[in-house]
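These are the structures, in structure tokens.
Okay, so chain A shows up in both of these, paired with chain B first and chain C after.
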Partner chain A sequence: MKSITRRSNAPVFWGLFGAGGMLAALFGPVLVFITGIAVPLGIILPADAMSWPRMQAFAQHWAGKGLLFLVVALFMWHAMHRILHSLHDLGVRAGTAMQFACYGVALLVTILATWALMALGF
Partner chain B sequence: MAETTGNGKVVRIEVLRYRPEQDEEPFLQGYDVPFTDDMSVLQGLQYIKDWLDGTLSFRWSCRMAICGSCGMMIDGEPRLACKTFLRDFPAGTVRVEALAHFPIERDLVIRMDDFLAKLERIKPYIIPKEARTLAQGEYLQTPAELDVYEQFSSCINCLLCYAACPQYGLNPEFVGPGIMALLHRYNADSRDGAAAERMEIAGSEAGVFNCTAVGYCSEVCPKHVDPANAVNQNKTRAAGDYFLRFITPKGGAR
Partner chain C sequence: MNTSDPRRPYVRPMAGWWRRNPFFVEYMVHEATALFVAAYALVLLVGLRRLAQGEAAWNGWLEALRSPVSLVFHGVLLAAFAYHCWTWFRIMPRTMPPLIFGGKRVAPGVITACGVAATTACSLVVLILAWGATR
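Coming up: the complex of A and B.
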């Protein structure tokens, strides 16, 4: 049983999973409400709250950029970790290949989010 | 035993049989057992062995949830046979099988070699922080220091939590809930000084991060130990060790 003597690298992914989970619990529901219900239906918030110029300005401000990055990247690390382990429960062993696939998607989305946010300028 | 047939109640006990020298694979065999309301499933099995079929094998010793020998699957749930009563199966049948996730040695007897090998590795005994001579007296501990680990010391190695753990079922390399409860019992003891050594196991690839927080281990524990809590506390600690070793010269386990 070699695995008992090898240090696990799981804390890196578990940490990202935990951070994403915390963020999802705090911001997830309200983001669904704002982007999916309140703005499209014009409830509470004005219908143009998410208009292009407003959202562009939001994404160009350093604070807005940071928030968008954290929400997209950490949600993704959280989701892919959960998918990896749910698939494991269904019989798809969470071996090296599956870890590369799942965390690879999260890393790819993180890179894309970084690129998109940077491309929008300040 | 014959006098316990008094009130005329009969339960059908279906037992998973497996005798490696003659059976290709395990199969269910039913026995009609007369019982009284004070009889446990273990007593039902003893009735079978004494009166109906002497070839039936199962482990038992204390009859009172102390020894941890009679863990088995009872109607699909990991339970101690001595702590489960025949009167609680009003349908009149109860299915008794060897503990899930372990190789069957014979009938209801499982092989626990894997557990024992892991148990040895965590050094389940106090390794004193400082050597003391007899003249210096006992290692003293406050009630608060006792509270931190006391519940974890109630583990009787019955393996019900292993039969309950889906992750151990999928990957038997996982050290599992019971071992983590015992590891934590010693690491959390104020008199012990070997936590760093044991954390190498908690933080290994066979360690705590195999757990997906199902929590069924703590539900089935007959001694009210909370192995899921031990695992969770050590996830945080193992993660701390992982990152802190880069900062502190002797931080972390390795």
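Coming up: the complex of A and C.
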């Protein structure tokens, strides 16, 4: 029996796609509602709910930092994987160049999010 | 697509294939929710960056979120995320291994309903936590 010497990278990206998709399905709607509608309009939550001291403290706490990182990074990995394969369906072949472009954007966003979260300190 | 082939074999055109069948139109629409998920991730990334830049920058981001354009955009985002949620759990019975419960395979509709119920529960928990932490 021939042993597998070259492993596919697909499970890694599919795993990130699945994790991000699940996170977006479970928590995406409520997060969009809170940050984009409820707080700006001051409905249900107070208009100062995302005030600077509160959000800074949230982002400096390890748990808040972790949650913010997971949401931004996994949402992006989910979206870019899906965009890569939808473009393939539209006739843009999901070859090496497109993989580098799509996953590269996700990696860039991950790095930028890490950078901002590190700059916020602990 | 070799046009120099003297036999000129018929190649079925693929352009616009997804518009020919409502099933594929729905497929492309639910795939397109990825654009909105990416957009929201970018909105949050800018927010993180503004938060790291200091109080004035952060307040500028909050002010931008209060603009009518942003509110309408987030209304669209909310619809796209809700549609992503619904389609995600509707497809889940086909993307997960068969779930056997009491010797019988769990029906797809039950899995979808459980997913939507889980989202409802998560939404309520997050809202209550946010309400408790900010009131």
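Methods note: the second predicted complex is superposed on the first by the 115 of 122 C-alpha atoms of A that agree within 3 Å, B and C clash if a C-alpha of one lies under 4 Å from a C-alpha of the other, contacts with A are read in each partner's own complex, and residues count from 1 in each chain.
Simple rule for what comes next: a residue touches a chain if its C-beta (ideal position, glycine included) is under 8 Å from a C-beta of that chain, and two chains touch if they have at least 3 such contacts.
All of these numbers come straight from a predicted model, not from anything done at the bench.
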Contacts of A:G21 with chain B and chain C, given as first, second, both or neither: second
First, second, both or neither for A:L70, with chain B first and chain C second: neither
Which superposed partner A:S8 touches (first chain B, second chain C, both, neither): first
First, second, both or neither for A:P46, with chain B first and chain C second: second
Partner chain(s) touched by A:L120 [first = chain B, second = chain C, both, neither]: second
Partner chain in contact with A:M98 - chain B first, chain C second, else both or neither: neither
Greater residue coverage of chain A in the superposed arrangement, chain B or chain C: C
First (chain B), second (chain C), both or neither touched by A:D89: both
Footprint overlap on chain A, where chain B in one structure and chain C in the other make contact: 85, 89
Residues on chain C engaged by chain A in the complex (per definition of touch): 14-15, 18, 28, 31-32, 34-35, 37-38, 40-45, 47-49, 51-52, 55, 58-59, 62, 65-66, 70-71, 73-75, 77-78, 81-82, 84-85, 88-89, 115, 118-119, 122-123, 126-127, 130-131, 133-135
Of chain A, residues touching chain B in the complex: 1, 3-12, 14-15, 85, 88-89, 93
Residues of chain B that touch chain A when the two form their complex: 117-118, 121, 166, 170-171, 173, 175, 200-201, 203-207, 209, 212, 235, 238-239, 242-243, 253-254
Chain C-touching residues of chain A, taken from the complex the two chains share: 20-22, 24-37, 39-41, 44-46, 48-50, 52, 54-56, 59, 68, 71-72, 75-76, 78-80, 82-83, 85-86, 89-91, 109, 112-113, 116-117, 119-120
